[in-house]
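Each of the next two complexes has chain A plus one more chain, namely chain B in the first and chain C in the second.
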Partner chain A sequence: MSEKPFFVGYLPAPGPLRVFLLAACMLVIAGLGTAGYLMGAAQDDPGPGAFRFDYGRQTVTGVVEMTPYPVIHVTEGNDRIKPGDSFMMTAGGKSGVDSRAMPLNGQLAQVSGIVLERGDLYMMQLRGGRNGLRAAEGDAPAIPIEPQGRWQLTGEICDGKCLAGAMRPGRGLAHKACANLCLLGDVPPIFVSSQPVLGSEFLLVTGPDGTRLPRDAYDYVAQFITAEGEITKRGDLLVWEIDVDTIEVTE
Partner chain B sequence: MDVAQALVMGMQTWGIIGAIVALIFLTIGIDRIDEDARGAYVFRPLLIPAVLLIWPIVLWRWWQIETERAAWAARYRPVRAYYGAAVCLMSLGIVVIVFSGLSIRQTWPGDVAPVQLSEGVTQ
Partner chain C sequence: MSVKYTPVQWNRNKWIYDAVMLAGVAAFLWVFLYVTPDVLNHERAINPQIHNARAFGACAFMMLTVILCIGPAARLDRRFLPLLYNRRHFGVMTAFVAITHAGYILNWYFNFSSSDKYVGLLYANSSFGQIAGFPFELFGIFALVCLLILAATSHDFWLKFLTPPVWKRLHYLIYAAYFSVAAHISLGILQDQQNHLFTLLFMAGAAAVIVLHVAAWLSERSEAAAKDGAWAEVARVGDFREGFAKIAKLANGERVAVYLMEGQLSAISNACAHQNGPLGEGKIIDCLVTCPWHGFQYDVRSGRSPAPFTEMVPTYRLRIVEDMVEVHPDANPPGTYVDPVPVPAPADPLPEEGTPA
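Coming up: the complex of A and B.
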């Protein structure tokens, strides 16, 4: 009969194996803990973006504009959202509100929903159906459109909803697949500039001449890129018409 | 073809070959190499997912057993002999992948300033 200790799960562990089991358990726990800490410490700060449920439901009135992504230029605000502000709109999940906003393009409308906020970027996730977006009485004022020239910017294309706070992280390579799904679902895309441009770090990014962001640009979502395009200030919002042919991935 | 397309095509090719192997092995091969499986059919569909993934090992074992290249017990030893090395290599691979990913990822170009190339029409 061999004297070699033999482990049986339902019996007390033999003496020599207890030390081994204890050491193995401690090593595994310490190793996994250390690996988790190191991997967590290596991640980028996800930023301050978040759903602002603490603000409560926000309801404002403004002019709907398809840029071609739906934007509202506020004419009657509230305590938090002031007249003159412009912000993007989205629906629940990974979907936009294009189908609801298109019939109201250029008209006055009332919007209602929850704000997502990240620094000076904010967006509204509208309630469902007409509760979230409906026509309002009154004449729509003209929205000032100010061309700002052609710019070369460096930064990252993100989906606006996750970036504004729906996801943490809402940007970066770890978020690329989610960002592309959101963009395919008509969530407005945002360009995060390496440094503020015309006072803003975040720009709505579209294709040239008022078209949607070209599909070719989706390959570069979540990567750090340099590209050129025309910037137009629409109300309070900067819109960058990216020229996809000029996109270059930075080092 | 970019990297993503190549990866998808590679996975599709692997899966298609696996499906063909599963079809042939589970209808013909398993009866030839395992007498206990003869006449038993209900369990065979359960093996399809595994065969799709590890069809090279299925083919290799089928060939080993079919050709009687080794004694019954010895047929499995070559695979077992590599288990230790495979575990070590896979563990090392995880570490290499993590550190490679961290080392080749882009750094945020925070020092690159926006450049205005032309002025707006109404400026």
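Coming up: the complex of A and C.
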């Protein structure tokens, strides 16, 4: 048995051991502090998405379209949102505005809320009830619908709201459960393409023939995938009708 | 040793221990929460709730890593034993840090939905058939439950109530918790990292735990006593030092501490009645074997703590055969007195040439 100093918890530490223990204590404190720095400083950039409270409340008029996710095609804009813009709509929290938008499908409506913005991805979080969405006077113009053919795209399915800036970061596998909850709550899903498609990185993603994103696709949310589907330009918004059978996880 | 329960038997060393560990945790969290945001220089900051969740989660992982490194480090070098002394308090701190992490996650990612956040936590992601995208939150839940069980049963009341062997086995849950945390991190945040520094730090921490445990196991295996028949060899008489022990490992896996005190050998179980601490790594203080973990003391001849304390450990019979000390593997009931075996006086050395005999 060695003759190293013997420590008994309820007795003073032996003299020769004190220097070692002092060094160990300093190492624990400095080591944890250093680990905190390195781990904290290694976090990735969450991207530029954000609630644009600095823009103030935005109120515009346009044509409501269920794609089947609710979209507004602006006919009367303001200083920031121009006629011809198309953007998705959502409610507060992890909820969509389907129940409010469905009765107004194809009609002119006034929408009001806060904008979420990430690059060329726009979304509006509407105010509650009729303050956020209500029918407007006038005839609804026809919305241009331009089929763009079948495309194979590579990228990630996200929930549009978190991606647009409700959460930073609002994408990736660590965020998958949150994204699924948003999609289950009728928040519009977005496909983030690895390459711009017809000038846009973001596409509203739906099921075939105007159906909602199939539940089978939820397993692939937040994963890097390749899939095929028809792209249609509705107003100035690209809608990709994903063919779930063609989804492949990409390394 | 104790004759009654008090909530926490504080002493100066415990205060110092807790202060150091708290300072370490505070340093980690303060640097992560308040220093690194300026360093990151992102166009738009990470959400405070997510930043906080990451800080507490990373801190809990580091704390668990330190906790699991202390044990094997103390087996390899006894100078680390004081870090083991109040490790339970550090474990309770870890549970609090981990539950704070869980709180931020639950109240951010799983809140604001029409469904209950606890329900959402369990059903939002059901991709069980794949590795990428697997609901890694479940591993975190399991680890948190383990940590809460360990924290709740860390008090000496549970040690006494469950008995040390059961309590000790229960607290091996710390390993299940650590593996679960490793899976939680590997299938979660590591899947998204572009900056791989965190990955490297995570791997370094896990590697430290593994390497230290393997090193301690190899060290103990090399020291295991050879077995021969019913009586197990311990060491040669000349290898014993006054006031210290040699540890023999029996065929049934039990360890025996054989002490030399006042020229006589006695054997007791190596497992302290308090927390199964290694009595053979202690020493004789005031004629009593003193456990290196928490200072519990025993009469080496009877395995009994001095009055008024009541702890007892099993004793063993010894014999000396041709200079080899041997222990019989059948343990006596705890507290059984056994006559110590006198060590034969060494033979007189031969007179050196040219000196008077």
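Here is the rule we go by: the second predicted complex is superposed on the first by the 211 of 251 C-alpha atoms of A that agree within 3 Å, B and C clash if a C-alpha of one lies under 4 Å from a C-alpha of the other, contacts with A are read in each partner's own complex, and residues count from 1 in each chain.
By definition in this document, contacts are C-beta pairs under 8 Å (C-beta built on N, C-alpha and C of every residue); 3 or more make two chains touch, one makes a residue touch a chain.
In this text, all values refer to a predicted model and were calculated from it rather than measured experimentally.
Undergrad: Just chain B (first), just chain C (second), both, or neither: which does A:Thr250 touch?
TA: In the superposition, A:Thr250 contacts chain B only.
Undergrad: Considering only touches as defined above, state whether A:Met39 meets chain B (first), chain C (second), both or neither.
TA: Once the two structures are laid over each other on A, A:Met39 reaches both partners.
Undergrad: Scan A:Arg100 for contacts with chain B and chain C and give back first, second, both or neither.
TA: neither
Undergrad: First (chain B), second (chain C), both or neither: which does A:Phe7 touch?
TA: A:Phe7 contacts chain C only, not chain B.
Undergrad: Is the number of chain A residues in contact higher for chain B or for chain C?
TA: Ranking chain B and chain C by residues of chain A touched puts C first.
Undergrad: Does chain B (first) or chain C (second) touch A:Gly47, or do both, or does neither?
TA: second
Undergrad: Determine, under the contact definition given at the top, whether A:Gln152 touches first (chain B), second (chain C), both, or neither.
TA: first
Undergrad: Pick one for A:Leu173: touches chain B only (first), chain C only (second), both, or neither.
TA: both
Undergrad: Is A:Gln223 touching the first partner chain B, the second partner chain C, both, or neither of them?
TA: In the superposed model, A:Gln223 contacts both chain B and chain C.
Undergrad: Where on chain A do the contacts from chain B and from chain C line up?
TA: 39, 42, 44, 173, 219, 223, 249
Undergrad: Touching chain B in the complex: which residues of chain A?
TA: For this pair, the touching residues of chain A are 39, 42, 44, 146-155, 173, 193-197, 219, 223-224, 226, 228, 231-232, 249-251.
Undergrad: What part of chain B is in contact with chain A in the complex they form?
TA: Chain B reaches chain A through residues 2, 98, 102, 105-123.
Undergrad: Which bits of chain C are touching chain A when the two form their complex?
TA: 11-14, 16, 20-21, 23-25, 27-33, 35-37, 39-40, 42-47, 50-51, 54-55, 58-59, 62, 66, 78-83, 85-86, 108-115, 120-121, 124-125, 127, 129-130, 132-133, 135-137, 187-189, 191-198, 201, 241, 244-246, 282-283, 285, 290, 292-295
Undergrad: Give the list of chain A residues in touch with chain C in this complex.
TA: It comes out as residues 1-13, 17, 20-21, 24-25, 28-33, 35-50, 92-95, 165, 167-169, 172-178, 180-182, 184-185, 218-223, 249.
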